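Below, chain A partners chain B and then partners chain C, in two separate complexes.
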Partner chain A sequence: MATDGQKKVVVIGGGIAGMEAAAQLARMGYDTTIVEKQARTGGNVANWDHLFPEGRLAGEVVQQLYQKLSPVRIITGSSVKKADMLEGQYILTLADGSVLTTDALVVSTGFRTFDAHRKEEYGYGIYDRVITSADLEGMLNEHQPLFPGRHKGPRRVAFIHCVGSRDEKVGNRYCSKACCAMAVKQASKVKELYPDAEVYCFYMDLRMFDRRYEQMYLDAQAKSGVNFIRGRLSEASEDLQGRLVIKAEDTLMSKPLKMTVDMLVLMVGMEPASGARSVAEMLKIPVGHDGFFNATNELLEANCSGTPGVFLAGTCTGPKTIPETIADARAAATAADAYLRKKS
Partner chain B sequence: MKLAGKKRIWADYQKEIPQDNYFYVRSCIRQNFFPASEVTFLRILRQELGKDIYEHIHHTTCSGIGYHSDVIPLETTMTVVARQFALMTEAGYENYACSCITSFGLYSEILETWKHFPEVLEKVRRDLKAATGREFEVPKHLAHASDIIYKMRHEIASRARYKLVNRYTGQPLRVVEHIGCHYSKMFPSKGVGGAEYPYVLAGMVEAWGGEVVDYPERRHCCGFGFRQYLVQANRGYSVANTQKKFESMAPFKPDMIITNCPGCPYFLDRWQYVIAEMEGKTYGENGFGIPVFTYEEVAGLVLGYDPWDLGLQVHQTAVEPILDKMGVAYNPEKKYLGKDGQNLGHPETPAYSKVY
Partner chain C sequence: MAVQFGYSINKSNTIDMDTAPRAMESYLLLHEPSFARCIGCGCCTATCSSGVFTQLNLRQIQLRIRRGETQGLLPEIQKCMLCGKCQMVCPRGVSTRNVVLSIQRALQLLS
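Entry: the complex of A and B
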């Protein structure tokens, strides 16, 4: 409950960016509310199993963030439908008709994973054994067997990088940044669970930008025995036994390649969250061609939206890893704090 | 395989196909390969379905073969195509229907070019006017003839005399559907069902009682691929491509193949004979090949037309196994008699593929 004179901040989106920004703002003494459209906080990360580079359980990380939210009011299963400015405050109308007033907003609408159905040639939603990286995280999280069925012999799994990222055909020119490391992590995990399995990663180029990622990549090859093939998948189909026949080009060998696999994992990239555009329109936040929000100055004011009192946090401004998201959320909280101090 | 997944995609790729009043243009080569397919299309539309479909005596090639073989520049091709549209305009039609897949792809490419570059359209208008004195309207609808049969598939099914069902087992015939590359691979939205899981032929097969076979090399080229075949030195690629498809589909034991391209049925049909001669291998049952049909021929069989009126005697891979399975009535004695009753002569018996 706000005390007299206590300034209010509403955080739109309760993923890890929104959680961290809200926790920081509450710590700074602001009356903070998270509005989250899903039934729970944690966003996409709450669906993951374990996290690169060190394999920490995603659930533990989300829980750790959640524990910092005790002073924060959390409204789940709702969204902001209308925003009006009145005497320096925003009047927000939520989906259920309730109204919130706030002195500042942090927008952390996050991302959704690319809809793999759109890469029709990969057969997602058509062939049973084609799954996404998000599906695999869910299966690992729930300790589901990856290869149900009677066949007991060694299995073959292919990971396809850059599905919905760096792909002009689907309109996403940008790199989703986290998928390369995630693929290496998942491929290694499959080898850990099924040591006899043959695991292949088909990549365009591996973007191992963090100082620990390169080691993870080397370990995947030297210790786990994951095979890396530079080349993009052209198509997938199903043979008489229901196994998947995939075609690609090995661009290092300059040879076409055909392989039969038991599972195809599509490393789906990040796209702006489904409600992001309406939030942008409501709060007059500039949006790039890719649908992500544009900050006023991406180098020096990367959390400022250009709309007074509206700040941006996390993957709503573009793909980020978890540490980057957390750092960005803290920066957004700091920017909001500076704005509110100046205002008073 | 999840059929619901395919249906989801099919729902995304539906196009507006006119119900009636078509300006129809034939293919340069189909009448030589499958001589009754186009006339069967006209017969079905006019006599079975009562549609208005018009042909113009002055229609020429669209020049697509030349364009795709790099001997005719696009500017020339566009002016030739503009002349076809002028014939349509002069005849009072707006719905352009073509028999050839390459023509369909070419028309789609040109219409898209004109849409995005209106100055090119204006230049073509000026060039055509200067060269021929003709003017034209851009078609309101462009349909491939298989789009039209797809649209009418249920009406054809309601008049069916035979179904795509094995009369000996009562099971649906297992049908490989093969789409011409130029139907939807260049412009997925222009084809029924898109490029990856096209529905135009699959819809016919389903409506007429058959079952579509999906197999790993379904998307692979039939082996025509202009440069594979037109350049004589490349013909090994052509037959190798066809062989790859047959090796892939054979384990699924298809009863027949249905196609919607001038080249595909020709190469899938003729190369089976060549593969049999070269390798001693056949892909159908009991030493026969897998019969290959155009969609018009299949529609004609379903409607009960005489197989020899459909021109099935000029297929190199024997069609009789399917006629027998469907229960189609035919007279073997008349197989090689012309329309005037004269004997057309018998082809030589191949060494390996069985024929009736």
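Entry: the complex of A and C
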């Protein structure tokens, strides 16, 4: 509870960015509240299974963050509908009509995964055996068999990179950054669970930018036996047995290539969270063409929205991996602290 | 005599991974495991002493084996002089000389 003179911060969005920013602000002595629209905190990570690069359990990572939230008030199943600035304070009206006052805001509304139905030539929602990377995380998390029933013998799985990213056709020019490493992680996992499965990654470029990611790639090739084909999938169709026939150009061979697979995994990219635009309008946060929030200076003030007292954390400003999100959240907390210290 | 209309059926140019012969690939993965580490960078081809005068392309030969496109490989691989320059430049530590030797052995075994 707030003591006299204790300044207040409200964090919008309780994914890992919001959780980390809130924990840091509470540690600095601010009266901190998270407003999360879902029934629980953890955001997207709470849906994942094992995390790259080292295979930590997503549930445990979220739990570790949650343990730091004891001094933080958490309001779930709600969102901010209205924000008014009055004498340097924000008066926030929540969905249920209740009112919160605060000295500063951290916006950490995160991302939603690309809706793969929009890439209709890949057959998501049309063919049973086409799933997304997010679906696969859920299946792995719940220990579901990946190839229920029907034909026996070795299975073939293809992972398709850049679905909904680097694609003007769906209106997303940018790279989603985490999905190359994610594909290598998931492909290796499938090989671990089904050692005689044949696993292929179809990529345009492999963006293994982290110190540990190139090692993951090498291990996927040399230890797990994952195959890599450079080329973007053109289309998928179903054969009479219900298996999938996929086509791409093997661009290093300069030849068209086709194969039949038992499962197609689409590496869906990150798009701004649904409702991010109305949050931006409400708090006057600048938004890029792609819908992600723009900071005032993407190099030196990557957490400042330009609106006094409103700070940005995590994937609401663009795709990020978990360690990048956590570092960004801490930076946002520091920026908010600097602002609040100056404020009388 | 059959009438000739001047039409013929072209051989498919598509790599069909459902029918591609993979025996050579399996042989190489077993006998020279570093074969799995290739990232197709082309350094070996760029430095190749023989490739300056011939069509020898070790990057592409390795990829063709992975896609089962092994027809006509013998005259290609015979252009290699086993000088080992390719091995010195490979960023993934592929034992390219032994890849070449293993391909030659596999060609004998599989012929």
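In this section, the second predicted complex is superposed on the first by the 343 of 344 C-alpha atoms of A that agree within 3 Å, B and C clash if a C-alpha of one lies under 4 Å from a C-alpha of the other, contacts with A are read in each partner's own complex, and residues count from 1 in each chain.
Please note the rule applied: contacts are C-beta pairs under 8 Å (C-beta built on N, C-alpha and C of every residue); 3 or more make two chains touch, one makes a residue touch a chain.
Quick caveat, the model's predicted, so the values are computed rather than measured.
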Combined model on chain A: chain C and chain B, fit or clash: fit
Touching partner for A:L299 - first (chain B), second (chain C), both, neither: neither
First, second, both or neither for A:G225, with chain B first and chain C second: second
Touched partner set for A:Y127, first chain B, second chain C, both or neither: first
Which superposed partner A:S237 touches (first chain B, second chain C, both, neither): first
First (chain B), second (chain C), both or neither touched by A:H117: first
Chain B versus chain C as contact partner of A:L252, first or second or both or neither: second
Least C-alpha distance (whole Å) that remains between chain C and chain B when both complexes are overlaid: 6
Doubly contacted residues of chain A, that is, touched by chain B and again by chain C: none
Touching residues (chain side chain C, partner chain A) in the complex: 13-18, 29, 33-34, 36-37, 40, 59-60, 63-64, 66-67, 69, 92
Contact set on chain A toward chain B in their complex: 117, 120-121, 123-128, 235, 237-240, 242, 245
Residues of chain B defined as touching chain A within the complex: 1-2, 4-6, 8-9, 194-197, 214-219, 251-252
List of chain A residues in touch with chain C within their complex: 218, 221-222, 225, 227, 230, 250, 252-253, 255-260
